[in-house]
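Below is one structure, written out as structure tokens, with a few remarks after it.
Residue numbering begins at 1 within each chain, and the chains themselves are lettered A, B, C, D and E in the order written.
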Amino acid sequence: MELSVLLPFIVNVIIGGLVLGFVYAIIALGYTMVYGVLQLINFAHSEVFITGAVVGFEVFRILQNSAMNGYLKLLIALVAAMIVSGLLNVLIERLAYRPLRGAPRLVPLITAIGVSLILQDTLRFLEGLQGRFDLTYTLPTGFADKFCATTSSCAPLGNFLRTIGVDVQLKDVILVIVALVSLGLLNYVVNRTRLGKAIRAVSQDRVTAGLMGIDSNLMISATFLIGGALGGVSGVLFGMKFGTINAYSGFDPGIIAFTAAVLGGIGSIPGAVLGGLLLGVIQNLIGVTNIFGNLLGLANLGTIDASYSKIGPFIVLVLILIFKPTGLLGKSNVEKV
Amino acid sequence: MTVANPAKPAVRRPLVKPDRTVWLVLFFVVTSILLLVSHETDVMKNLGALGDVLRNKVVEALVVSLFLANVLFAYLWKAANWAKLLVGIGSLLFVLPLAGQADTSLLDLSIQIMIFAALALGLNIVVGLAGLLDLGYVAFFAVGAYTWSIFGSPRFSEVLKYYGANAGSTGSGTLVIGLVLTAVAAGSMLYIRGMHGRVAPTTLSNLSFLLAGFGLLSGIILVGRSILVLASGSAEALANGINPGFFWLFLALSVMTAALVGVLIGLPVLKLKGDYLAIITLGLGEVIRVLANNLGLYTAGSQGITPIASASVPWFNSLAGALGFRPEQYYLLFLYVLVLIVIAVILLVNVRLDNSRIGRAWIAIRDDEIAAQAMGVPLMQTKLIAFATGASFAGVMGMIFAAKQTFISPESFNLLQSITVLSMVVLGGMGSFSGVILGAAVVTLLNLRILPGLGEASANVSWIPQEVNPANFNRFIFGSILVAMMLLRPEGLLPNARRTRELHHEDDQEDESADGNASGLKAGGDVYSAGLATTKEDDKTGGDR
Amino acid sequence: QTTIKIASISPLSGGQSNLGTQIRNGVQLAVNEYAAQFKKAGFNLQLVPYDDQADPATGTAAARKIAADNQILAVVGTLNSGVAIPASAALAPSNLVMVSPANTANQVTDRGLANMNRIVARDDSQGPAGANFITDTLKAKKVYVLNDKTAYGEGLAGEVEKALKAKGVTISGNEGTEEKSDFSSIVAKIKLTKPDAIYFGGIYNQIGVFIKQLRGAGIDTPVVGGDGLDSSELPVIIGKAGANNVYYTTVAAPLEALPAAKTFAANFQKTFNTPAQGFGAFGYDAAKVTLQGILDAARANGGKAPSRKQVLDTIRKGTYKGLLSGEVSFNSVGDRKAATLYVIKLTDGKAALETSLAVKPPKN
Amino acid sequence: MSHLSTHLTTAPTPAAAPDTTGTPMLALTDIHSYYDHIHALKGITLNAYEGEIVALIGGNGAGKTTTLRTVSGMMKPRTGTLSYLGEDVAGKPAHQTMQMGMSHVPEGRRIFAQLTVRENLEVGAYTITDKKLIEERVQEGFAYFPRLKERENQLGGTMSGGEQQMLAIARALMVNPRLLLLDEPSMGLSPLFVEAIFDIIVKLNKEHNTTVLLVEQNANMALAIAHRAYVLQTGEMKLSGKASDIAKDESVRKAYLGDE
Amino acid sequence: MIKTTVHPGPTAPASGGSILEVDALTKEFGGLTAVNSVTMHVPDRSIVSVIGPNGAGKTTFFNMITGIYAPTRGSIKLAGRELVGLRPDQVTEAGIARTFQNIRLFSSMTSEENIMVGRNSRLKSTFVDAVLRTRRFHESEHEAREAARIMLDFVGLSKWRNEIATNLPYGDQRKLEIARALATTPKLILLDEPAAGMNPRETEDLKALIRRIRDELGVTICLIEHDMRLVMTLSEYITVLDYGTKISEGLPHQVRNDPAVMEAYLGRGAAAGEYGKEEASQ
């Protein structure tokens, strides 16, 4: 196979991985935020984000036949999902985690798993009432088309992409933009604002934060609100990107996203993004290893195909953590002796 | 004047337990009768309304649970020793098998409970005692299961056939080379290790160790491969797997393999802290499952391995036959007895380790790694022992599980299983042996009896609409129970005394900062936040370089 | 009035609960229909549904429980071959018959259990049927084979691969994937290797998403699958635009083609407020086989409730007509003697019969 | 006198005793506090008037820390009244009392390990919204402890014990509190800085009229700068009075000051 | 019969030579040199102190000796054996024990159990012994318990034997840490600010305890302290660090009168010569 075919192939694989990675990244941030303040792996986050996806589905479904501008629909879907997922997350914290503040860390972890199971069946039930199980997104027209296929103003770019054989759909571009905006906002809030500093203080020592005049419960709620809202965004993007979701489809990406958060260094926002992107790309590259294996005549590589792509992230994680035990961008865990 | 006398031990009302011998025996008798009667169809027919009630699946599930509670009460209540013994032995060795004769599923259930109890005990060492969060524990279970299944099933002859057909240049020469390589590599590794005990390791010596490690690995692979090739002639003879008499050997082998895999997985990852470890073990658990799914030659991949043999013990079978068991129940009864013995051993090992130097080291590590190390506790070694011990319990139970199921496939070893075992540990009470066993019993009963019972009992109740039939809400109900139990008893059902002491500082005082209570305030000079903290990566401890 | 129960085993919770519930509901519908007949014969008929969560261990435990309930005379299930294999083994000692509405893996009946029957084709018929279709109708020379890494999907894809290879077709390899959402790397590979057809052994909720993304990338290559695609949800997931050039083999003719199926579908929708899918119809058929078998056995038993052994024997021997999927009778190991495999084609999301062919199990 | 630490001789002189006739700024009446079942405070009564430095001394485990924690709202007294600025604050969470102008340097310093030195200070100024004012205060803190300026961007957790102590004090001063609770501020500080700390306390008290509740093991020094003092023992108030009188009390000298 | 010898006792001969020899030890954190080429020799069976302003690198120095931090450069020899490169537990086994500036007791263990962990590295029983409950196991357990009893007695904490360690009063926790460290049978014990949080009276008691450790157990002592009264009256030799560098060393009166030390560390009061009044009378 010549380079002219292989190059666009590999570029497509990488681009696919990056887009996937952005989805992971935002999901990962939901985990990271909560992990930051409570040192809790919030297993329920996968359902919080799928709830966002369900809300997005409903918005698109209801607005299906309206003549409304597609971007406006998306905006409504995003906002609605942010609100619902955010509030849901706050509610979960209030009811299921807050009473366990003093307990050993594994106790809220098990509670989180319980909440996750509850939400799965509840979501399935609610959609099941209307005879639905797999929810298929009806995207506004144009979203699923090739990027810059029609608009004359960007036709040159579209043409260029086509000539080099790169597939990008409009929804992918939208996804990346939404993701970048959310990331930027979050980064600003956490690192630049008073709220962010307070959240970080609470995440390290709730009692002392109280001595600084910070209401730690309020900050924890705020964190869950932000984390949930990010979950909502990621849910809509997830649904948009892959088309179909159901009440149970949050679990797998949830795990990978959390892996991404760990890979990047738990608690680090750029880390989560880097981790997400890396895992997205790696997952995709492992999926095509056999192509290269065959090309290079390496029979053993030829057997590494998509069936291994699920564990690719974990193997990378092991390798990286062995050399960098606190993740790629994780602050070294300072403990002075 | 003296210094104030602080920290009087918490004044707890001393629990004067009333003697409950009579109650215990009474309870035992009543529940045994209920259990036996409710599984005796003929008797039930003549019981009329009572029979109908007993036949109700929820009631049935409750009867089973109550009966099993005997053992718990015999453990918990204050009663004469003879009564405790009577109830314990009577329930487990007499009544339960008897009921199992009428209802085989009771045997299945009991075995499953004990398998999970052993898993929970193993994970308890890792998580509860040593404080290492392992979310991929089921991997060791899988290793044990496959270790036996590959050999104790037609798979083995498939493997041999494959090697017979693909021998390549492998032959007895390879065997010799392999053996020599193995011996040399192992020898060098031991030598280098010995050296490291005396002088500080250098980069060169570390590299040589690594190299020798590779040598060892290749040696073992060569030896294994040539043995398989040489043995391929007997593929036909082994069409149904190796002689079931090897079951006993493999019982030991599964322990060792799982422990070995525990060490191999542990070596690279046990340096990691807290949740980094959690997620990486989760990942490695998945890796093992995916490997099982992909290494079709050995594991039959997604098709699963079947039938899997169990030990054949003729005298046991005739005994069971004489006791009125049906032939198809022999192997379950056998596994039931086996699993009882194994779990007794595991429990004994647990208790003994806990009250020993190694048990103290585990807890010390859990409490404070740095201080533990500074007190002379070798971190890696102690953690590895915890990992390997926990893994070995899972390994042996994996093998028994495979024999019980007669079929295994990678699906049975997914992440959810690891999480389930973890929930048993936490639900029962981390660090408490009786607690985690109870946790395993409760969760297994819920999943295999009570929830299905709910589904069955409500299936034909006309006023419950299909959409909300409990049979469709197993996860929901299970999740709700998990959450409720955690909120009501965060320290677990039968908490470990040590844990209770800890938790009660905090537990009684709700939340700290907001309500103005003291839970976050540790006594002593703990300056740093309670985060995940420990050593700095750029300042590895001396020996790690 | 003696109570007679039949049980269903299928996943009622978790990611496959949609299909599992279809089976349960199909069985329920059949039970509802037969209740009157049983009443006349002096029996009170009930269904007890079990949830196996698509997990072999849970399924086996359920089977052992079912075996212990003497009122249960037959079992319909399961959805997954991986569960059916150990579950049927657990039922075998108590002579409890099991009729499968969905399990196509060869091993299900190859073990020769007396109690295991199925009303669906075997994968070694389905596979070659799919392969033949690919070579004969689609005229493909180069095929990309995928599977979902389950006992069913990988088994089926393996059969297809074997059959295709025998016909000298170039095979890209049999690639497994557990991925449910992101298929971009596989799509890229397909784009690169440009196969003439794609075979995917798996279930519609995964394959549907795959097809959607495949079509989204502008690839119109035909996609062929097995009975796992037999669901009205498939075109919904793919979306109208892409649901073209998709084919699958199944034992049930498309519901629209049969008048009986129309009433079934309507009843199903009315009773459960959700549309019937292929596996609902299979569940319904399998239940009818067991119920008719029980009635026959009772008749032979002089109107008294039959024993499990009697039911088991009766069912294995009987012939059942007028089912949604045609006539059912079993061979010596419980495979459906003569099944018709229908090849269905999706055009703009509409399922239509493409061809049909009669298949027979290897044994008789 | 010869056995006294040199600190006493070099201690800065406190401001003239403030007016102690009106209503106290802080008043604890018969306070009982518990840890779980441990009865740590058994009926403490204590007053602090605006502009006073009040020292609290006692042996290990006497309840000094507990008293401060109760005042700041880190823990809730089980019974008793606690009023601050005329308001009943018993059971008010810490973040609310802090917003009323209190500041607490806790036992064990409790630095935010993962925040930089500067961020620690900024979090200390959480209740202030004026950015310029925050910056001014940060610079003030740097002026008190130049070491902090040198290490502006070092993570709090990697600072040495004494450096952390400086940071904890500077952090508490960010809000320019009306009532300053100090729990063993000199612990872990080198002799030079012990002096500096006491200088700062006196300066704050003189210049800003800050009220100070001071817990110190370095009792000589504490008594030298305090106006009044209380002696705690096993959760009970043993003695109270003018600091200079307490310093002369024979039993106190014996029990706490190491005089034979 | 089991003989529990926790310590060689005062009969062991004082060798006169150095037990610990630290050579040009350096630690850099990024751009910061926390300890800069410090050389120090600790005579056997002596009591020596390391003092210096806050952030001078004292704790870091201890951390390197005990293997918790890896030195950037330099060498550490205990009785002639190189320690650099050893893990903390190996250092402890070699014979150095320590306490921490911020108390680090095992929070879920009783005082007795804390000390038993300290004894761990000296026990002979293995995993297998524990499972099989061999004689060696029982002997080990007995030895550990005996060690705990002896050590609790030694530091005067017997009454706290079964109390959870972190419930002890602060001062007693410090003593418990010392007892735990002593249970490892060290040749050398490093104490990081043992008197912090103690009032003058309690400090006096501590001083006596430290002397007894040396005199009765024959353990060499190296301590960090800011309490000059304690340092000057207790130490036989003092090393002064500032900004990671050794700025002075010598006998207490020499150090006390060293202008560099006065300037950097002692401050105004030093000149008055108040410290170490007791020392003269010793």
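Criterion: a contact is a pair of C-beta atoms (placed from the backbone, for glycine too) under 8 Å apart; a residue touches a chain by one contact, two chains touch by 3 or more.
By chain, with names taken from UniProt: B = Branched-chain amino acid transport system permease protein LivM; D = Branched-chain amino acid transport ATP-binding protein LivF; E = Branched-chain amino acid transport ATP-binding protein LivG.
Everything numeric here is computed off the predicted structure, so don't read it as measured data.
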Subunit D and subunit B - chains in contact with each: A, E
Touch-network distance, subunit A to subunit B, counted in steps: 1
A-E compared against A-D, more contacting pairs: A-D
From subunit A, the most remote chain by mean C-alpha position: E
Centre-most chain, if every chain is reduced to its averaged C-alpha atoms: B
Distance-maximising chain from subunit B - centres being C-alpha averages: D
Subunit D and subunit E, separation of their C-alpha mean positions in angstrom: 30
Whole-Å separation of chain centres (CA-atom averages), subunit B against subunit C: 35
Whole-Å separation of chain centres (CA-atom averages), subunit B against subunit E: 42
Where subunit C and subunit E are represented by their mean Cα positions, the distance between them in whole Å: 74
Numbers and ranges of subunit C residues touching at least 2 other chains: 13-14, 17, 149, 176, 178, 273
Touching two or more other chains - residues of subunit E: 29, 59, 68, 100-102, 104, 167, 169-171, 197, 202
For subunit D, residues contacting two or more additional chains: 38, 59-61, 73-74, 93-95, 108, 110, 112-114, 157-160, 254-255
Interfacial residue positions of subunit D with respect to subunit A in the complex: 72-74, 93-96, 98-99, 103-104, 106, 110, 112-115, 119, 122-124, 126-127, 129, 155, 157-160, 171, 175
Interfacial residue positions of subunit A with respect to subunit D in the complex: 194, 197-198, 200-201, 204-205, 207-216, 331, 334-336
Touch list for subunit B against partner subunit E, complex: 3-4, 6-7, 9, 199-201, 349, 352-353, 356-361, 363-364, 366-368, 370-379, 385, 498-499, 501-502, 522-528, 535, 538-545
Complex contacts: residues of subunit C adjacent to subunit B: 12-14, 17, 21, 24-25, 28, 46-51, 53-58, 60-62, 64-65, 67-68, 70, 82, 85-86, 89-90, 92-94, 105, 107, 111, 149-151, 153-155, 176, 178, 271-273
Of subunit A, residues touching subunit E in the complex: 336-337
